[in-house]
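Shown next, in structure tokens, is the structure this report addresses.
The letters A, B, C and D name the chains in turn, as written, and every chain counts its residues from 1.
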Amino acid sequence: MIKTDIKIGWSRAEMAQKVALDIPDGSYVNLGIGIPEMVADFVPEGRELIYQTENGLLGMGPVPEEGKGDRELVNAGKKYITAIPGSAYFHHADSFTMIRGGHIDICVLGAMQVSERGDLANWSTGAKDAIPAVGGAMDLVAGVKRIFVITQHVTKHGYHKIVQECTFPLTGKEVVERIYTNLAIIDVKEEGLYVREMAPDVSFNYLQEQTGAELKQ
Amino acid sequence: MIKTDIKIGWSRAEMAQKVALDIPDGSYVNLGIGIPEMVADFVPEGRELIYQTENGLLGMGPVPEEGKGDRELVNAGKKYITAIPGSAYFHHADSFTMIRGGHIDICVLGAMQVSERGDLANWSTGAKDAIPAVGGAMDLVAGVKRIFVITQHVTKHGYHKIVQECTFPLTGKEVVERIYTNLAIIDVKEEGLYVREMAPDVSFNYLQEQTGAELKQ
Amino acid sequence: MINKIINSPAEAVAEIHDGATVMIGGFGEAGSPIELIHALIDQGAKNLTVISNNTGSGHVGLAALIENKQVAKTICSFPRTANSKVFPELYNAGLIELELVPQGTLAERIRAGGAGIPAFYTPASVNTPLSIGKESRVFNDKEYVLEYGLKADFALVKAETADRYGNLLYHATARNFGPIMCTASEMAIVQSKRIVEPGQIDPETVITPGIFVQKVVEVANPLHESQLVEQNMSYP
Amino acid sequence: MINKIINSPAEAVAEIHDGATVMIGGFGEAGSPIELIHALIDQGAKNLTVISNNTGSGHVGLAALIENKQVAKTICSFPRTANSKVFPELYNAGLIELELVPQGTLAERIRAGGAGIPAFYTPASVNTPLSIGKESRVFNDKEYVLEYGLKADFALVKAETADRYGNLLYHATARNFGPIMCTASEMAIVQSKRIVEPGQIDPETVITPGIFVQKVVEVANPLHESQLVEQNMSYP
């Protein structure tokens, strides 16, 4: 457990915006459940992204007005969505053809832990009494061209999430390209973790303290 | 080379009719190129068969009127066809899901040779200067539930087509269930070839003479 | 005449036997064939292996089938959702077996089963606990695990439009597992909101060609799982 | 804005390089992208590996590409048709390589390439000359051969309707290899009879979702291969 200053750092919305800024125009994108879903709200004017949801839609649009949802038009988080003009529905085998076949450009996922080599753990704490549930995470990290992680820098209880070695069961090995946290944006390179940007008022020393693996500048 | 009496035996149309009579109502059927295509003309009143053509149509209808063909609506032999109400188009991977996955009930194919164990050779004479071309034959014999062969009993040059061992390259091993020829209908069973029916004026001795493998009654 | 239309969900599921493997379509409630599942509860077949993406919510539909102790084993990618209480309880009590499969691998195993492919290699789950004990192999410097095609005796699927040949259309993301489950089961049993005459479905738009479907029953106004869960309903 | 529409076949095929692997759609003339093939003849890329079901007819389209000595190797299921003279001559002269693949295996290899499946097992060709030298394995007492996914640098495909996202509809049996070839190539180049606004194609009926397509060019009135062959035309 480490001491964290909760007054500094980016908000969840700011984190999502940082991710959004890094996604090139015209990308095909899969957004994981939770904070990743917020990324769509911050795409800069003039850029067109196409969202895939692995349960069977390419061209996911915004959340419908309250009360106007279609129970059979949902995203991977089982929330009501809409479909843009020019979208396409498909079955699961075709959906994972997109994912496993390397056709999706970027996937933004949450994380429990990320290792300094880009290993990702985001599906199970490995606790004996937890019901194991994996969904599409392993297929996404194995197939999508670029994996971005968006996560709080440390856990609610103050434990490191960016670590030398994941202690939770892996979702995939050496798969994460970049980590967006409330404190910093970090690139996972072959030589280690490189800090790309720090949130206002975050010092490198403070950031290193909050991180369970060596950071480079 | 054997001596053949060309005056006895069934016509091609009669052979096709014999096959048609043996296909149960409601069957999904794939008809090979050539004589097999004629089978559709002889389906008894009151039976409904659905024809699959492996290039991408389930629910193939009759040949269109002269001059009314659509160049992009063809069968596996690349001839103009029509589609019945209730038909479906699909791509090749889905088409061979039907075939390889065991969803087609009966396939009727031509043959160069059939062995007494049901081995089929129908794609290549193995001649050095022949252009090898296989098409869907190997997938059909590997995947369709029941394989019927329709063929002249001997070659134009008077050689046996029903043999102990195929000398031509195989399409599939132990795949043929029944052989319809101009002289007889023969079941391929584990214990050998059983004559099911003989054409008018064909004697068992004559039939045996025309056959390169032992026949049983 | 080919006519796959059956009069009632009860008749449609009548042949499902004890010990059968049953694929059940749906991603959450989208595409979940709730009337067919309820008919299967009434019918009572036991010791089933269920292949599905989730394990249902509340005490209706798939969750109710599990709660009714008809399911011995599930092959599933995400057996835990917001309102799923039944499966976790039985699982923690050791009363139901779980084979956990990544979602894309589950889909591809079903597709392979339907396509006559006994096994294939996939990169998903390599270097994770879910590949332990599985064969692996390197192709072009990348590691893959060997996964096997899945088949079932029966599939229960929800469609939007059907005809007497069994041709199907689906609605939006309710399509999910339906088309591949129809291909991978000996008997695909479909509930459809609408039944039309052959030819009323444009052959260019058919999603499931009729060859993959054995039984169709019309359920014009299917129940909404989430509504039943909100109302705290249970089945039976 | 995403806009995959290109002005001309010439521009569309400009990036095809010497030595490239090119999938070409079509079953006979149905679905054969003849204008794109002719543009590739004009463009002149050499030493190509072509993956296609047939090898073309007469002296136009795919046959003309082969006749123009641009193709070093073909991967093909049926390289012999009523009016194919070009391929047989070059093949018998040892001037073109052929990898002969059963039609369903060809389709599944392409589908696997597009789906990130490096290899799979199939029953087709077991105990025939086409499985010689291939790995085989028994699953449930039945023998299968190991086949590898196929990928390509480019695909040339003919569609009926397209939009700027690359969503595609096809016409009748011209669909054949188009959808799977789009998934298996780095750059899928499509000629479409019609280009419409996004939304004009019903999302329930899309056959190729735009993600699999990189370039679309309108060819409103494509040439008919069989007509050109009847007229004894040749290209260029």
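Basically, contacts are C-beta pairs under 8 Å (C-beta built on N, C-alpha and C of every residue); 3 or more make two chains touch, one makes a residue touch a chain.
Everything numeric here is computed off the predicted structure, so don't read it as measured data.
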Set of chains whose contacts include both chain C and chain A: D
Winner on C-beta contact pairs when A-D is weighed against B-D: B-D
Maximum centroid distance from chain B, chain identifier (CA atoms): A
Inter-chain centre distance, chain B versus chain C - centres from mean C-alpha coordinates, in Å: 36
Whole-Å gap between the CA centroids of chain B and chain D: 29
Residues of chain B engaged with two or more neighbouring chains: 57, 83, 89-90, 93, 96, 99-100, 142-143
Set of chain C residues in contact with two or more other chains: 108, 111, 115-117, 122-123, 170-172, 204, 207
Category of the chain touch graph - line, ring, star, complete, other: other
Which pairs of chains touch, using the document's own definition: A-C, A-D, B-C, B-D, C-D
Partner chain C, residues of chain A touching it in the complex: 53-57, 70-74, 78, 83, 89-93, 95-96, 99-100, 124, 129, 131-139, 142-143, 169-173
For the chain D and chain C complex, residues of the former touching the latter: 108, 112, 115-123, 137, 139-140, 142, 144, 148, 169-172, 202, 204-205, 207
Footprint of chain C on chain B - complex, ascending: 25-26, 28, 48, 50, 52, 57-59, 83-90, 93-94, 96-104, 142-143
Residue numbers on chain D that touch chain B, as the complex places them: 27-31, 53, 77-82, 87-88, 91-92, 98, 100-108, 110-111, 122-130, 170-180, 207, 224, 226
Contact footprint of chain B on chain C as seen in their complex: 1-2, 111, 113-117, 163-165, 167, 183, 197-199, 201, 203-204, 206, 209-212
